[in-house]
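Alright, structures below, take your time with them.
Presented sequentially are two complexes of subunit A, the first with subunit B as partner and the second with subunit C.
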Partner chain A sequence: MTVTAPPDRERQEYFPSGDDYQHLLHKKSRRGWTVKMMLLLLLATAVLGLVILLYTIVDDSFGLVAVVNQNEPEDILASYGYDPAVTALSDLNKEQLVDVLAGTVSSGVGRRLERDKRFFEDRLVFESQEKWDEICASDEAPTGCDGGVRDKGDVLELVEERVIAPDIVAAEGLTASILNPNGFKDSVEKDFVENPASYGDYSYDQVRYKWRAWFSWKFVTSPASDKPEIAGVRTAVLGSIWLVFITVLFAVPVGVGAAIYLEEFARPTRVNDFIQTNINNLAGVPSIIYGMLGLAILVRLLEPITSGSLFGEGAPNGRTILSAGLTLGLLTLPVVIISSQEAIRAVPNSLRNAGLGLGATKWQTVRSQVLPVAIPGIMTGTILAVARAIGETAPLILVGAASFITVTPNGPFSQFTALPIQIFQWTSFPQEEWRHLAAAASLVLLVLLLTLNAVAVILRNRYSRRLN
Partner chain B sequence: MATDSDVHDASMEQKLKRRHRPLERVIVGSLFIAGAISIAVTIGILWELGSESLLFFLDGKVSIGQFFSSTEWQPQAGVFGIWPLILGTLYITFIALVVAIPIGLASAIYLSEYASVRVRNFFKPVLEILVGIPTVVFGFFALTFMTPLLRSIFGDSVVGFFNVLSAGIVVGLLIVPLISSLAEDAMAAVPNSLRQAAYGLGASRLEVSLRVVVPAALSGIAAGIVIAMSRAIGETMVVTLAAGASPRNFHFGTDPLFGSILNPFQGAQTMTGYIAITASGDLSYNTVDYNSIFAIGLTLFLMTFGLNSVSRRIVKRFRQEYE
Partner chain C sequence: MNDTPESAVAAPMAPTFAVRETGTEPDDDRAVGAGPGVLETVNMSVFYGGFKAVADVSMTFAFNEISALIGPSGCGKSTVLRSLNRMNDLIPSARVEGQVKYHGTDIYAADVDSVEIRRRIGMVFQKPNPFPKSIYDNIAWGAKINGFKGSKSDLNDLVEASLRRAALWAEVKDKLSESGLSLSGGQQQRLCIARAIAVQPDVILMDEPCSALDPIATLRIEELMLELKEDYSIIIVTHNMQQAARVSDKTAFYNVELDTKGQRTGYLVEFSPTDELFTSPKEKATEDYITGRFG
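Then we have the complex of A and B:
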C-alpha cells in the first residue's frame, strides 16, 4: 500500500512555508492581540462601572447649595449695633447669641431646647424657676436637669439652625460646583424666572450660595428630620447597629453549630443529606422572600413575642427591631453555615486523628483541636455575611421599617429605621436636596462596610499569626 | 504474678470502658437542632407562601386560571394577571444578562488565562468590592447617573424618568462579579495538562483559551450564568427605584411589540417591585393586596428555585471528570 502525498495546494494550506508561514503567524498573533485587548476592555468596563458609581456618590455628597435665609446674619448683627463688614456672627459672645435665639424662636421651642440642655449654669432663659424645679422633681426628668450647659459653639449652631434657618432651594454636585459654579447660579436664576410658583414667597434677591458638605460628622450625629437642611442619619445608624447585633446573636451560634454538626458529626444519612441540600437551596432564595417570611411569621404570627407584649413591653405591633434582626439572621444563616463549613473542612485531618488517638472524645477534639484552627476562617466568613446583611433593604421594607422616625431606638422591641431604608426613602423623593442626602447616607453605609471588612482582615491576620 | 496481672487488667478494662457522657449527647443534639433549623426555615417559607396564596385564590376575586392567563395587572380594579409583572422581570433580567455575560465572561477569561499575578491582584479586589456594595446604592446609582445619561443620549421625550433599560444595565453591573467569579472558578478547575497539550501542538493563547479551556469549563460557566439569572430575577431595590411602579399591561396582537410591549425606554413594574411597593405602604392583614404579594412571592420563589436546580443539574450532568 502506498501513501500518496496530499496535492501541493492542500499541503500548502496545512503546512505553509516561507512568506505564507510568516503571514499566517502574523495574522494569528494580531488576532490574539485584538482579542486580548477586547477582553481587557470589557474587564475595564466593569472597573469603570465601579469607579463611576463611587464617583456619583462622592460627587453628590458635597457641593454648592442655593439657600434662602429666614433671617440674614447681617441684619442680626446690625440690630445689635455691629458693623457686619467687620464682625461675624461667631464674634458675638454666648450671652448675645442666646439673646438672638430668644428673640426669634417661639417660647415652646425655647423651653424644649432648654430642657434638652441648659443655656447657663446660673439662670434659666425660657423656663421659670418654679416650673423647672417641678419638672426636674418628676419621674420623667429631661436631660437638661443633669446640669450640663451648652457651650458657645452649641448655641451658635442653634442660631444658625433656628434663627438664620437656611432653606435650601437648589443644590449642585461637587464637580459642577468646582468647574462651573456660574452655570449653577444661572440655572437657579433662570428657574426662578420660569417657575416662580415652586419657590413660594422667595425672590431671587434672597438667594445666597454657599458650600455644603452633606456628608459630615454632623450628618452622622443628627437625628432624622423632614427638613433636608438638618436631617441626619443617627437614628438610622443606631437602628442598623441594633439589627446587626441581633442578626449576629442569632446567626452565629446557630450557623456555626450547624456547620460543626454537618462537617464533624453528620453521617451521610438521608436526613443529613437533605439538610445540606436544603441549606444550599436557601442560599439562593431572594432576600425579599425572607422579608415575606419575616412579615408572615415573625411580625404577624409571633406578634406577642416580637412586639414584646408577652414580656410587658409596649410596642404597638410586631414591626420591631427584634423581628427585623431575626429576619436578617435567617437570611444570613445559610451563608454563615456554608462559609463556616468551608473553614472547618480546611482543618487538616491529622489534627483530628491526633486528638482522637490521644483518647479525646469527638466533641473534645472538635472543641479544642478543630475549632481553634477554623475560627479565623469562620470569623471572616461571618463578618462578610453580616456586611451583606447591613446593606439589605428589601426584607426590611417587608417587615415594616418605619419610613420616618426620630426617636432613638432603645431596645429590641422598639420601632426602627435603618441606613439602607433611609437611602431608599431619600432616593425616591423627587426634590434634589434629598438626593444629596441619599448620596451622603450611601457614603456612610459604604464607610461602615469598609470598616467592617477591614476588621475582618485584621482579625484574620492576627489570629492566624497566633496559631502559627 | 499471673493472677495479679489479671486483676490489674480487669480494673483497667473497667476504666477504659466508654464512659457515659450525657453532656456530650446534649451538645451533639443541640448541634443537630442548629442544622435542622434550616429545614424549619424552608418549611416556614413554603407554608407561609402557600397558605397566603391559597387565601388569595380562595377569595373569589381571582382564579388561578386568570392569574396565569391575564395580561393585565390592576390591583385597584381587582384585575390580577401576573404576566405584566413577569414581563417586567424577564425583560430587565434579559437586559442585565446582555450586559453582564460579555463583561463577566471576558473578565473571567482574561483573569484566568491572560493576566499576570500583578494584574490579577489589581482586578480581583475591584470585582470583590462590587459584590459588597448594597443593592440600594446601585438603585441610587441607576436613578442619579444611568437614567440621566440615557436621557441625555436618547432624549428626554424618548426615555422616561423610570425605564427598563437603566434598571437592566445597572442590574447587569450588579451580577457581573457573580458571573465572572463562577466562570473563573470553572476555568481554574480545568487541569493544566490540557493547556500544555494544546500549547505543545502550537496553539496560541487565544486558541487555548477559547477552544480548550472555555469548552472544558462550559458546564460551570453555564451554571454560573443561570445562577446570575436567578439573582437578577430576585433583585429588588434597583428595579423598584429605577423601573417605576406602573405594571406594563399589554394586549398581544393589538399593541405593537417593540413600540409598547418591549419598549426599553419606558418603565415596567417587576414582581419584586410590586411586592416592595405594596409592602412599603400601609398594608393591612387579610386584604387582597396583602395576599397578592404572597401569590407573587410564591411565583418568584418557584422561578428562582427552578433556576437554581437547573444550575445544579447542569453541573452534575455535564461535568467532565479529568484524571
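Then we have the complex of A and C:
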C-alpha cells in the first residue's frame, strides 16, 4: 500500500525521510536500549548489595575455630582407665559420664543442674534426700521436682560444656576456612608467639581446631550467656516475638480504624486536613524520636500501667515488653494508616454507590463491600510496617531493653531483650567470637522476619483467592 | 410535609404496595402524563458548592411509566437523576434547593433518612457494578441489610424471584455460588437490576444503563425495562435518542446555558409524552437536538 500525501500539504518539510528517517529510527531505538540497560544495571547494583550483605552474614556464621579445652577428653578417658585410641567419650555409659561431671564441677553448680533436671530417677547425685524433699515441698519447687530425668545425650552435652569446657581463642569465617585453613592456623600460632599475654595461661600446644556452626538450633534455643561458646538467642527471639505480637495487636486495629474513618467518614474539614498532614509527616519521623516518646510517656508517666503494678504484676519499672511493644506500635501506626488509606481509596467508588443505592448505611457498605476488597492491600502495608518494626533498635535502647537477660519473657510485663538489641550488643564487644555470634543472630533475625512475612503473605493470598 | 418522623417514611408505604397489587392493568387515570405522581420535583435546583448545575426543575414521574431524560453532555440530567434518591449527598459540596416529593413527602426534609429513600428508590448505574461476591450474595445482601425477616428458604425464593424478574435466572441458576464478576457485561447489568428490585423499591433510576453494553445486551435490557414498567416507575438517563424513543412513555429534554461567567447551568426545556416530543416538539431547542442540529 502506498501512502500519498494530500496534494496541498508538504509533509517533507516537517518530517525527515529516507536516510534521515532511518537514522532517527536507529537513534530512537538505541536510546531505548541504553535506558533499559541502565535500569538493569541499577537493579543489578541493588541485588549485588543484598547478596554481599547476605554473604557477609553467612560467612561469619560458620567456620573454623581455635579452642583450648579445659580438660582434654583423652585425659578424662585415661583417668577412668580407658584407651583414648579405641574409646570415645560417647562410648561411656551414663553413670560414668555423671561421675566425670561430678568430679569436675563445683557442688554448687552440680546442685543447680540437679534442681533443673534430675540425673537419675532412683537417686540423687549432688543433693541430699532430706534437703531435696524440703525444697520440693516448698512453694517455689524447682523444675527438677516434677520427675524428669536427663538422658545420656544430655549428660554428654553437660560434660562437653562443663568438663571439657572448650574456650574459643580465635575464629575464622567460612570462605577463609575452606580456601585457606592453614593460613588461619599459622596466624593463630604467630599471634601466640607475639602476644602471649592475651592468651593467659594457654600455650599453643593446647590449641585444637574444629568446625563450628555459630548458627544452629542449639544457638536459637540456648539462653544468653557471658561465654560465647554456649551463648544463645532464646530470650532475644522470644522477646522479639512478644514485641511483634504487642505491636500488631496495637497498630493494626488502631491504624485500620483510623484509616477507615479518614477515608470513608471524615469530611474535608480543616481539622481533618491537619490530622492527615500530621500522619503523613509522622511516617517520616526518625525512630529514636519514638523511643524518646516511649521513654517519657510509657516508661515513666504510665509506669503503673506498663510495669503492671496496677494489675498486681511485679515488674520493678516500666521498661517492659508492653512499653516497647506500644512504642513500636506507635512507630508503625502512621505507615499502617497511610497504606490502609491507600488500599481503601483504591476500592472503586462504584461498589460504594452500589451498596448505598440499595439502602445500606455507610458502615454496612464499608464493612461488607469496601473492606473485603481493601484487606489484601491493608495487609501488604501492615506486613511491611511490622517488618520494619522487628528490626528497630534505636527506640528499644531508649525504652530500656535489657542488654543481658537470661530469664525467658513470659508476658507483657516482663523485662526483655530483642534480637536487634542482642546483635548491637555483641558487635560492640572486642573479642572476635562475639562478632560471629552477632552474624548468627542476624541470620536468626532474617529467618524470623522471613517466616513471619511468609505466614502473613500466605494468609493474605488465601484471603484474596477466596474473594475472587 | 409530615409532622412526625414515623409518618415521614411510613405513610407512603401503604399506598405504594396497594397500588402495585391492583395496578398491573393501568386504567384511564394512569394514562401517560395523567397518573398520580410517585415522584415529583418542585423547582429543584442542584448546586455544587457555589456552582448551580441544574436550575428550577419541576417534573412529575408516574407509576407504570418509563421516563427518559435526554440532552447534550453537561446538561445535568445525571445530576437530576442522582438528586432523586439523594445519591448526590455523597458529594460533600452538593446541595439541593426546592423539593423532591416521594408520595408527597419531601425527601430532603430534615426528618427523612436518606438510607430509607435509597431503598425505596433504587438505582442502576452506567457501568455494571456487581459486588465481588457470589451471584447469590449479590442479591441476598440487599435483603439482609434491610432486615429481611424470612427464613433461609424465603431468601432463596427472593433470590430466585429477583433473578427471574431480571430475566437472568435461566442463565445463572446452576452457578449461583460463582462470582458476579464472572458474568458478561450484559448479564452483570441484569444482575444489578435484579439486585435493585430484590429490596422492593417502587422507583428504579437508571443512569445510562446500556452505554457500556453491546446492541444485543442493550436490547435485552430494554425488553426487561418494558416488563418491569408494570410494577415500577422507571426513570432512565440516556444519550441514545432511539433508546428513549423505543422504551419511554415520557421524555424530558434538558439543555444547558452558559452564563456571563462561563458557568454551565442545565435546565429543563420540555417534558412531554415521548410521541409528542419526537414528532411535534414544543420548543425550537428540542427540535434542533432531536433532528441532530446540535448535541
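In the analysis below, the second predicted complex is superposed on the first by the 425 of 468 C-alpha atoms of A that agree within 3 Å, B and C clash if a C-alpha of one lies under 4 Å from a C-alpha of the other, contacts with A are read in each partner's own complex, and residues count from 1 in each chain.
Methods note: a residue touches a chain if its C-beta (ideal position, glycine included) is under 8 Å from a C-beta of that chain, and two chains touch if they have at least 3 such contacts.
Nothing here was measured: the structure is a model prediction, and the numbers come from that model.
In the superposition on chain A, A:Asn281 makes contact with subunit B only, not with subunit C. Looking at the superposed arrangement, the partner reaching more residues of subunit A, out of subunit B and subunit C, is B. Legend: residue contacts after superposition of the two complexes on their common chain; A:Val373 is shown touching subunit C, with no touch to subunit B. Once the two complexes are overlaid on the shared chain, A:Thr56 sits against subunit B while remaining clear of subunit C. In the superposition on chain A, A:Thr361 makes contact with both subunit B and subunit C. In the superposition on chain A, contact is made by A:Asn353 with subunit C only, not with subunit B.
Comparing the two complexes, residues 361 of subunit A contact subunit B in one case and subunit C in the other. Here subunit A touches subunit C in the complex through residues 267-268, 348, 350-361, 364, 368-369, 372-373, 467-468, going by the rule given at the top.
Subunit C contributes residues 85, 87, 90, 92, 115-116, 118-120, 122-123, 125, 127, 129-132, 141-142, 145-146, 179, 181, 192, 195-196, 199 to its touches with subunit A in the complex.
Interface residues of subunit B, counted against subunit A in their complex, comprise 21, 24, 27-28, 30-39, 41-42, 44-45, 48-49, 52, 102-104, 106-107, 109-111, 114, 123, 126-127, 129-130, 132-141, 143-145, 173, 176-177, 180, 204-206, 210, 227, 230-231, 233-237, 240-241, 272, 275-276, 279-280, 285, 293-294, 297, 300-301, 304-305, 308, 312.
Those residues of subunit A that touch subunit B in the shared complex are 28-29, 31-32, 35-36, 38-43, 45-47, 49-50, 52-53, 56-57, 60, 253-258, 260-262, 265-266, 272, 274-275, 278-282, 284-293, 295-297, 300, 330, 333-334, 337, 361-363, 384, 387-388, 390-394, 397-398, 400, 403, 420, 423-424, 427-428, 435, 438-439, 442, 445-446, 449, 453.
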